[in-house]
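Pasting the structures in now, so scroll down.
Heads up, the next two complexes both have chain A, just with different partners, chain B and then chain C.
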Partner chain A sequence: MSYTTDRRGVLSKSHRSLYDSPLRGMLYLLPGLAIYVLFVLIPVVQTIILSFMEWSGMGAKRFVGLANYIELFGDPIFFRSLANNAVLVLFIMVLPTLLGLALATIIELNDLAWRKLYETAFFMPYILSLVVVAVIWRWIYNPAFGVLNELLAKVGLASLKRAWLGDSSTALASVGVTGTWVNYGFAMVIFLSGYQTIPPSLYDAVSLDGGGNLHKLWYVALPSLVNEIMVVSVFLFINSLKTFDLVYVMTKGGPGYATNVLSLYVFKNAFQYNRNGYAAALAVTLMLIIFAITVTVTRLRSHYEQNR
Partner chain B sequence: MKKTLLVVLVGLLALGSIGAAGVKETQAKTSITLWDQYYRGIESEIMDSIVQGFEAENPAIKVVRETKILDDLKLVLKMSLESGTGPDVMQVNQGEADMGAMAKAGLLVSTNDVAKQHNWNANFSDSTLKAMGYHGDYYGIATTAEIVGFFYNKPLMKQLGLSIPKTFTELESLLERTKRAGYVPINFGNLDGWTGIHEWSAIQHVFTTRDQLDDMMSGERGAFWNSVENRQAAETLQKWVRSGYFTKDFSAIGYDDSASIFMQGDSLLFLTGNWMMGELLENSPFEVGFFLLPADDPAKLKAIGGPGIPFVVSAKSKNIDASLQFLDYLASQETAKVWADNMMLPAQSIRSEDYRDAPLLFREILDAYSTADKANGMGYFIDWITPTFYDTCAAAVQELMALEITPATFVQILQDDYDAFTD
Partner chain C sequence: MSRTGKRITASKLVATVVLLLFLFISVAPFLLVWSAAFKSKSDLITNVFGLPTTVQFSNIKKAWVQGHFSTYYLNSIIVVIPVVAGTIALSITNAYAFAYFRIWAKEVVFGLILLGMTIPMEVVIIQLYYHLLKLGLLNTLSGLILAQIGMGIPFGTFFLRGTLKEFPRSLVEAAEIDGASTWTILTKILVPMASSSIMALIVFFFTWTWNEFLLTLVVIHKDSLRTLPVGMAFFQGRYIGDTPLIAMGASLMTIPIIILYIMLQKYVISGITAGALKE
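Up next is the complex of A and B:
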């Protein structure tokens, strides 16, 4: 192999190979791309195609056009599940975001002693498996020997004792609170890392002007944390629409359909009712809802960024 | 040197011939793959010994056994069967969603002829054989059976001066007297949903006639589910809820927790299947007995239950004959004995007198099973009649027992689910 120098005097091989081809960068993407295509893109496309079919999981598929989607819009369980998901957005996205922000702010602005301990303790629920979390909270809510009812009785609030997961008026909120407990630590950690990027001089400026912690939060922290708030909101929003494990372990969607959620309904249709086409239509609808709302939120954010 | 080489050569040749003989022997053996869900300790050991018994009787057949938990089995089976990579023999749940779907797709071997040839009727009643098949055809052999009835707290029953009720009216008076004495008449937890189906269906079984129940489970079109008797069963269940016969806050208590609560001793009855026997024998601090939910009209005595999950043969198996031979072995009295020796209820009818050394509770369950079987009173687990029925019925019973819907609405919900599938 002979070596030559180019016009800039850099040594290069005279024979062009894949190594110095401009396609080289693309090659690095190949393994990731292959996995993405194989395990995400192809299944998604297949699911979309399947949503126009009727298929029991065995035998031939039958093309039914939009029938699955038409049925879906007349299915009361679908709408009930969608409404339940909407309630869970409050518990799994809104509350953890607010709580996480509040905790991060308290820890950051007050320069607490034992700071690491608080951070670890609050983040702990997030690293637990959701199935473990669900089992723990099933015990907490247990009306016969659960901690919650015991505690209420001990502090003189025995009248508030409930069959938390068995009562259709409290079951969904009870599952939701568990979701809040799991996720606020995650929100807090993201906000804490966001706080690290804020220069202390900005706080000093507020202090010089005679402002307190609330002023620091409102005029410095919140505007600086917009990106983190967006990331946390979108991530937890998707989580709340995907909720499955908590509901499956805690209530199986009951009592009645009080805690039935879309992903559980997809699972039941596909693996219990043998209605794979209908399950696919439900999954595609769920995907479209997540997609539409995520795009809207991202647009709003760039709109906000431009107007700043 | 030459000598050494010769010895090595001879040695190698000898080894080679032994190896070849070994290969020949395994090639001569027919191998069948078995997938079952008896993964729990003692059950798995029993299955192993059954497989060994079969291989000893049929030296030309080797059974390769793989255990899976039921959910895994359900998920993998359909796809692997269709692709031809599945097992030769496997356990498949009765009902539309599983055995029904597979039988319709032609994936299972019918055992109608083998049953006749080998006189399976000697060990099973026709209704039991049908209950192990689909739409009147035989497809499988279950080795164990299940029956749902009341486990009861014997010392408490004695303390309250009560006795096992012979009629439904007597049962209701027993519940009332237990309640008045300050105890929980029926220990119950319905957080998991399916337990409520049993609660309603047990009453339904003794309110309906044999024909009515068979019609409901026939898969034929008809207004079988919104019948007066089914509605009355729902009314009775709501009446029991209003009278406070069930554990407080039952809607939020899971099945396993409810079993622990029963063992605390504050409740008299616990409606569930014989599968709970082992745990009660092992952990209950007091003696537990078993009886069937009684009927006012003896002709209506029926119990939820029937054969367990049947073993069936894949139509894509390359060794169908050997697989059917294995099923025939499962249908034998030898297999029944292995289960009964380990205090499991076999699907074949056996006599409790033959098991005098077994705990009384096991003998009471054997007696209950044979009483129901003799009275043609083995009923059904109703949840498999349509693929959606389990969820529909579980949710509807939860609403019924929360007094959120009327009995009339309840039976209509069941009828609608049935209609949607049979239309």
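Up next is the complex of A and C:
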């Protein structure tokens, strides 16, 4: 608190805090904001503008209006990629969430020992670079002397041996299984920590009423995890829409377009086919899909919290 | 059957078997790759599942020197340190500004930064390439570092603003009355109080930067500047027929990180899940 004189020279007690000075606040904000604007926001705005243009990367840009977006709606590869992304949602969001939930529940209801060991081991694939994961799994799926085919031969199922990533009927699912392997431990860890917040007295109450594990699951465990289930699902849903590393390293989108995903299609159009405008329209479409999901879920969540 | 007063029920037995099966599924690929890394090519063909018949240490040197893994490691370290330090420092000052200061059009500016959390990398890279080219930063580690910091700031700002807002306002006001400057209040009071959030962010940004692939693939074209993930992708293309060598590359990438992970397990799991939960 300090005393200052105002313009008319009257002494007045000032309650002005240092934190009321907009200049000082801006000084703290400026460095971070500048880097964000320069390296993220400007490129994003430029990409949005570019989505209405045609440009090979060199020479002049040509304004084409909505042509890129119209082309997109008639592009079978775009729809194929979108469908592939939808299949990956099954492998990267649905399966890991269900598996993670099942495993966390098994540990919780049986009060198993070695909880830390399971957590550490199941979470391990998630912390690693997806590139190295993809390299490891490429070897597992390798048609000549790959782990999976050797394993099948060992257990007498040699007839099932195939080129898992080279066969268009199995390629996408094979990439998907790798995604499941990476993510189920992550889901499980979050569900386990959600279970930690349930007071044991609630389980005891079910036991006193003569309820078994199924009752504990249905009346106590699952209802308390609604929030975690929602968070994990949305997070993994968006991750599956953004799948790039796994596909790029394992199949490059092939065979044909069997494993082509949106993100890879953006990359190919921009950096291989030199169709920057079209790539921009694809990328903006991907961004709009993600925005729509984020906004819907945020609305749903606040609706749910209010009605709790 | 009663042992130490605890009954082993059938359900518990089944549960343990299921968990051990998944434990095997999670860990087996690593064990197979680590053992393949020390096999000769002919050994690997006849012996996928066993230990190496003769241990080939020469693969280590081959991957490290000829395979350029020494370069990729160095580049990854050169990139990760300034990105983590820079993103966190700038996120702290940003969060401080948003949590405590009166700023013109605060909500709008904050919304603009939040937007960055949902923008996928794909939208950024198309023009970032030409943008960096114009700035003379394409194909440089500085360009990569600055872009990564820019991509990290939205989440860091959002995360730390939440932390700072939880602290009682009276604390800051009391320090101000005692004559502390806003900088002193930040560095001497708020940052130490936020240390567990900052620790979580360090882990989160470290893994995120260490594993980043798409951005690096677009920004860096010189092999001598590649980081581990991009280096690995090109390495496996170069030595496509030499599975043991590729396995060695994968081992060089996974073993140190897994050791680090097991040592810091508590921080890693809580840091990464905190990141996912807040998003």
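Convention: the second predicted complex is superposed on the first by the 252 of 308 C-alpha atoms of A that agree within 3 Å, B and C clash if a C-alpha of one lies under 4 Å from a C-alpha of the other, contacts with A are read in each partner's own complex, and residues count from 1 in each chain.
We adopt the following convention: a residue touches a chain if its C-beta (ideal position, glycine included) is under 8 Å from a C-beta of that chain, and two chains touch if they have at least 3 such contacts.
Keep in mind it's a predicted model, so treat the numbers as computed, not measured.
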Could you look at A:107 and tell me whether it touches chain B, chain C, both or neither (first, second, both, neither)? second
Per the contact definition in the header, classify A:98: touching chain B only (first), chain C only (second), both, or neither. neither
Examine A:163 and indicate which partner it touches, taking first as chain B and second as chain C; both and neither are also allowed. first
Once the shared chain is lined up, is A:257 touching chain B (first), chain C (second), both, or neither of them? first
A:189 contacts which: chain B (first), chain C (second), both, neither? second
Which chain, chain B or chain C, is in touch with more residues of chain A? C
Which of the two partners, first being chain B and second being chain C, lies in contact with A:86: first, second, both, or neither? neither
Pick one for A:271: touches chain B only (first), chain C only (second), both, or neither. both
After lining up the shared chain so the two structures overlap, which partner does A:57 touch, if you call chain B first and chain C second: first, second, both or neither? both
A:142 contacts which: chain B (first), chain C (second), both, neither? both
Chain B and chain C footprints on chain A meet at residues 57, 138, 142, 145, 271
Chain A residues touching chain B in their complex are 56-59, 138, 141-145, 162-168, 251-257, 268, 271-275
Within the complex, chain C is touched by chain A residues 1, 17-22, 24-26, 28-29, 31-33, 35-36, 38-44, 46-48, 50, 57, 103, 106-107, 110, 112, 114, 116-132, 135-140, 142, 145, 147, 150-151, 154, 181, 185-186, 189-190, 193, 213, 231-232, 235, 241-242, 244-245, 248-249, 262-263, 266-267, 270-271, 276, 279-280, 282-284, 286-287, 290-291, 294
Show me the residue ranges of chain B that touch chain A in the complex, using the header's touch definition. 74-75, 78-79, 81-82, 97, 101-102, 104-105, 107, 190-193, 247-254, 257, 261, 387-388, 390-391, 394-396, 398-399, 402, 404
Where on chain C is chain A touching in the complex? 9, 11-12, 15-16, 18-19, 22-23, 25-27, 29-30, 32-33, 36, 44-45, 48-49, 90-91, 93-94, 96-98, 100-104, 109, 112-113, 116, 118-131, 146-147, 149-151, 153-154, 157, 172-173, 176-177, 181-182, 207, 210-211, 213-214, 217-218, 228-230, 232-233, 236, 243, 246-247, 249-250, 253-254, 257-258, 261-262, 265, 268-269, 272-273, 276-277, 279
